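Below are two complexes that have subunit A in common, paired first with subunit B and then with subunit C.
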Partner chain A sequence: MYTYNEFDKSFIQTRNAQFRGQVERRIDGSLTEDEFKPLRLMNGLYLQLHAYMLRVAIPYGTLNGGQMRQLAFIADKWDKGYGHFTTRQNIQFNWPELKDVPDILDALAEVEMHAIQTSGNTIRNVTADHFAGAAADEIADPRPVAELIRQWSTDHPEFQFMPRKFKVAVTGSTNDRAVTRAHDIGLRMVKKDGVAGFEVIVGGGLGRTPMIGKVITNFLPQEDLLPYLESIVSVWNQIGRRDNKYKARIKITVHEHGIEEIRRLVDERFSIVKGTFSGIDQQRLAEYEKQFAAPEFTAKSDAGFKDAYHNDPVFRAWCDTNLAAHKADGYSIVSISIKKHGQTPGDATSDQMRLMADLAEQYGHNELRISHEQNVILPHVHKSDLPAIHAALKTQDLATANIGLISDIIACPGMDYCALATARSIPVAQEIATRFEDLKLEHEIGNLKIKISGCINACGHHHVGHIGILGLDRAGVENYQVTLGGDHTETAKVGDRAGPGFAADELVPAIERLVDAYLELRTGKDEEFIETYRRIGLAPFKVALYPEAQADAA
Partner chain B sequence: MSKPFTPKVVTANDLLKGDVIYQTISGWCRDLADAEILRDEAHADLRLIEGSQQISEVVGVYLMDVTVYGSALTTTHFREEFRATGPSNYAHGKQSEHKQEVV
Partner chain C sequence: MTVLVTDAGFTADTWDKGYTPYGEAANDVIALDVPSDVNPADIAITPSLQMIRIDFPSFADGRGFTIARMLRLAGYKGRLRARGHVISDQYAMVRRTGFDEVEITQDLAARQPQDQWQFRADWKDNDYQTRMRG
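Our next item is the complex of A and B:
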C-alpha cells in the first residue's frame, strides 16, 4: 500500500489546521454560511437532513486494518457507532457535530486518510476495481496508476474551479468491476503487442442524463496517461457548460461536440501538455509500483478447507457465493457482505469494522477493500484460513452468503439522510431483501443486481442495475420507477424504463412478479436474469409488472 | 387570484449540531409542537427574514407548510415528516431525543 511521505503528512496537517481555523471563524460569526460552505465542501463536510455528514475518501477502495480500526474509533467517539460505505468507495459519517470535525480530520490524518476533494467541483476520489492486485483475470494492479492520478489531481491548481465535479475510475482487468463506462473518465487496462496500456473512456455518467462513456482512444501507452488525462480535463474545463449546472458534466460536452471533435481537441492539447511532463510522473509511478507489490503468497495445504467445505453446508453456501478467483494458487478473494437481510446496505458498525480489521491483520496481509457495491473485501486469503474467517464473521452478522444475489442491493442513503433525495431508498432495499429471504428464493434466482437511487442524481447506480429502482416525489407521495436490463460492466448499458411508477406499498409485490416471470421464462438455471432479459426483451416483463394494463387491454 | 396562504413554520438546521430546528416566538426549538405557527403571509415573511439574520446560530432557513388541527401541528410533506422525526432505518435523530430548547 501507499505510505505517506513527509510532504503528504505536512500537506494534510496544513489543510487540517486551515480548516480548524475556518470552523472556528464560522462558529464565532466571522464567516457567513455562504463564505463557509465552499470551504467545508472542499473538506468533505455536507449539511444533510438531520445533521452534518462527513465523507471520507478511501482511495481506490484500499485500506489497512489500522485505518479500518480508526474509522471504528471515529464512529464511536464522534458519531453513532457506525459508518456508511458508498458507491464511490468513500465512508460517510452521518452524525458529526461541526465543532468535532477538525478533531475527526486529525484522527484521520493519524492513519493517512482525509476528506479532501470528496465534494465540490474538483476531481473526486479515484475509484478502482475492488479486486485490484488479487484478481485472477487481472493484467496488472491498477492501484499504482490510481495513486498517481490521486497525487496529480489533489489540489491541482488548474482543476479546483471546474464546471462541475469530475470522477475517474480505473480497472486493471478487461472485466470491468469499477463501472468505468459510467465515469467522466474510465480507464480499462488492455494489452497491445504484449504491453499494458489503457483504453480511455470519456463522457460516461449516470444522473439525470445517463450516458455510457465513449472510447476516446483504444490504446494509450501508460507513460502518456497523466498528460492525456490533463488534456481531457483541460479541454472540458474550457468548453464545458458553466451556464447550466445540469449541462456542465463532461458527458454533455462530449454529447454536444461529438467524440471526434473532443478527440481532436484533446490531441491538440496533448501535443502541448506532453512536453511539460518531465518524466517525474513515471519515476513516481515506479515507486508506487514497489509500494503496491503483492504480498508473499505461500504454498500450504488446504485440506482443512476441503473438509469444512464438504461437511458444513452453511460454510459451503458462503464459499460458493462470496469467494472469487485469486491469482495465486491456494488463495481466494473474500467478499464480506455487510448486507445481512434487513440491514442497511453499506452500513457497518464499529464492532464489525474492528472484526474486519482483525481478520485482515491475522489472515489477509493487512489489506481490506471497499467495493462500489458497498461490501468489504479481504483480497488475499489462503483457503486454509477460510473456515476460521467464516466462523469469526458469523459472530458479527457478517457471514451472509448473498454476494451478487438479489439481496446484495446497492442503495444510496435516500431521504432517510440526504438533503437532495426525493424518496427513501433504504427501506425499499430492506423490504426486498427480507421478502426474498422469507421466500428462500435468492440462491435459486442467482445473479441479479438491484440498484436503488432516491433521486435522479443516481448515486445508487439505478440506470445500470439489472433491475433499477428510482425513488421520486409524485405529488407529495413517494413513488418508484423501475428500469430493466441495465449493465454496469464492460458491456455497460442504461436500463429501459418499464412504465409508470409504483407506490411504496406496491413496489415489492411488483418486483416479486418480475422475478417470478424471470423464473418462468429462463431457459434454465444457467441463464441469468440479465441474459433472459437480453434474449426476450422488455415486453414479457412489462406484462408481469403491469398485469392490470393487460387486463384492461383484453 | 393567488393561492390562499396556508399555515407555515420557519425551520432551519442548527449551526453547531446540524439538526432540525423550528422558530418559536422567542428563539428556536427542536420539537415541531413548540414552533410558532404563522398564519399571515406578511408576518411569515418578516419572521423568515428575522430567522435568516441569525447567521451564527442557524443554517438554511426557510418556510415550511404545516397543518393545524386544533392545537396540534403536523407536517404536510413526507420530507418534513422525516426531518421532524429522523431516519427510518435506525431510531436516531429526533425520535430518540427529548424536547430541548436551543436558544
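Our next item is the complex of A and C:
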C-alpha cells in the first residue's frame, strides 16, 4: 500500500489548516456563503437535507486496518456511530457539526487520509477495480497509476473551478469491475507488443443523460498518461458548457462536438503540454509500484477449510457467493456483505468497522477494499483462515451470503438523507431484500444486479443495473421507473425503460413478477437474468410487469 | 480605484497605459483585455504586447486558469493579470497557472484584507505539480 512521504504529510497538514481558516472566515464574514460553498465542497463537506455530510476519500478503495479503525473512531466521536460506504469507494459521515469538521480532517490526516476533492467541480477521488492486486484475471495492478493520478489531480491549480465534477476510473483487468465506460475518463490498462499503456475512454456518465464512454485512443503509452489526462481536462475546462449545469459534463461536450473533434483538440493540446513533464512522474510511478507489491503468500494446508466447507452448509453458502478467485494458490478474495437483508446498503457501524479492521490485520495482510457495489473486501485471505473469519463475521451481522445476488443492491441515500432526492431509495432496497429473503429464492435466482437511484442524477447507477429502479416525484407522490438490461461491465450498456412507473407499494410485487418471469423463461440455472434478457429482449418482461395492459388489449 | 495583489500584498495599480478590448486588437497593441470565453490559441502574442488582463466574471468560472496557462506555454512572457471576482483562496491557483497579479475591487479588498491573500503567498510550497513535473 502507499505510505505518505514528508511531502504528502506536509501537504495535508497545510491544507487542513487552510480549511480551518476558511471555516473561521465564513463565520467572520470574510467569505460569503456562495464563496464558502465550493471551498467546503472541495474539502468533502456537503450540506444535506438534515445536516452536513462529510465524504472521506478512500483512494481507489484501498485502506488498512488502522485507517478503518480510525473511521470507526470518527463515527463514534463526531457522528452517530456509523458510516456509509458509497459507489465511489468513499465513506460518508451523515451527521457531523461544521465546527468539528476541521478536527475530523486532522484525525483523518493522522492515518494518512483526507476528504479532498470528494465533491465540488473538481477531479474526484479516482476509483479502481476493488480486486486490484489480488484478482486472478488481472493484467496489472491499477493502484500505482491511480495513486499517480491522485497526486497529479490533487489541488491541480487549473482544475479547481471546472464546469462540473470529473470522475476517473482505472481497471487492470479485462473484466471491468470499475465501471470505466460510465466515467468522464475510463482507463483500461492494456499491453501492445509487450509495451504497457492504456485504452482511454472519454465522455461516459450516468445522471440524467446516460452515455457510454467513447474510445479516444486505443493505445496511450504509459509515460504519456498524465499529460494526456491533463490535455483532456484542460480542453474541457475551456470549452465545456457553463451556461447549464445539466449540460456541463464532458459527456455532453463530447456529444456536441463529436469524438473526432475532441480527439483533435486533445492531441493539439497534448503536443503543447507534453513538454511540461520531465518524466519524473514515471520514476515516482516505479516507486509506487514497489509500495503496492503483493504481500508474501505462503503455502499452507487448506484441510480445515475443506472440512468446514463439507460439514457446514451456512459456511458453504457464504463461500459459494462471497469468495472470488485469487491469483495466488490457496488464497481467496473475501467480499464482506454490508447488505444484510433489511439493513441500509453500505452502512457499517463502528463495531463492524473495528471487526473488519481486526480481521484484516489478523488474516488479511492488513488490507481492506471498498467496492463500488458498497461492500468491504479482504483481498488476500488464505483459505485455511476462512472458517475463523466467517465465524467472526457472524458475531457482527456481517456474514450475509448474498454477494452478486438480488439483495446485494446498490442504493443511493435517497430522500432519507439527500437534498437532491425525489424519492426514497433505502426503504425500497430493504423491502426487495427482505421480500426475496422471505421467499428463500435468491440463491435460485442467482446473479442479478439491482441498482436504485432516488433521483435522475443516478448516484445509484440504475442505468447500468440488470434491473434499474429510478425514484421520481410525480405530483408529490413517489413513483418508480424500471429499466432492464443495463450492464456496468466491459460490455456496458444503458438499460431499456420498461414502461410506466410504479407507486411505492406496487414496486416490490412488480419486481417479483419480473423475477418469476425470468425463472420461467430461462433455459436453465446457468443462464443468468442478464443473459436471458439479452436472448429474449424486453417484450416478455413487459408482459410480466404490466399484466393489466395485456388484459386490456385482450 | 482597484487594488492590486501580488506576493508582497496590496499595492496601488501602476499600469497607466490602458487596455485594448479583445476583438479590437491590432498588431501594435500594448495591453489586452481578455474575457473568459476566449480560446487562448486565438490570442495573438505580438512583440509589442506587455500586459494581458484576463477577466474572472465569477470566482466559479475557472476558464481563466486555463487561458493563463496556455498563454504561458505559448511563450508569453509579459505581465499577466487576473481581474474581477477572484478570492484570496484562489491566490495560489492564480500564481501557479502563470498570473503575476490580481486586480480586485475595494469592496473585496475590504472583505478579504491583505493578510488573507498573503496567507497563500507561499504558493510555491506544497505543490503536487512540481513533484509530478520535475
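As a convention for this text, the second predicted complex is superposed on the first by the 547 of 554 C-alpha atoms of A that agree within 3 Å, B and C clash if a C-alpha of one lies under 4 Å from a C-alpha of the other, contacts with A are read in each partner's own complex, and residues count from 1 in each chain.
Everything below uses one rule, namely that a contact is a pair of C-beta atoms (placed from the backbone, for glycine too) under 8 Å apart; a residue touches a chain by one contact, two chains touch by 3 or more.
Remember, it's a predicted structure, so these values are computed and weren't measured experimentally.
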Contact breadth on subunit A, by residue count: subunit C or subunit B: C
Which superposed partner A:29 touches (first subunit B, second subunit C, both, neither): both
Which of subunit B and subunit C A:242 touches, first, second, both or neither: second
Which superposed partner A:156 touches (first subunit B, second subunit C, both, neither): second
Partner chain in contact with A:479 - subunit B first, subunit C second, else both or neither: neither
First, second, both or neither for A:118, with subunit B first and subunit C second: neither
Which of subunit B and subunit C A:10 touches, first, second, both or neither: second
Intersection of subunit A interface sets (partners subunit B, subunit C): 29
In the complex, subunit A residues that touch subunit B: 26-29, 32-33, 47-52, 80, 94-99, 344, 347, 415-417, 424, 426-427, 430, 473, 476-478
Touch list for subunit C against partner subunit A, complex: 39-41, 59-63, 65-67, 69-70, 73-74, 87, 89-90, 92-94, 96-97, 111-112, 116, 119-120, 125-129, 131-134
Subunit B to subunit A touching residues, read off their complex: 13, 15-20, 55-56, 59-60, 76-79, 82-83, 86-90, 92-94
Contact set on subunit A toward subunit C in their complex: 7, 10-11, 14-15, 18, 21-22, 25, 29-31, 35, 38-39, 121, 148, 151-152, 154-162, 226, 234, 237-239, 242, 268, 272-273, 276-281, 284
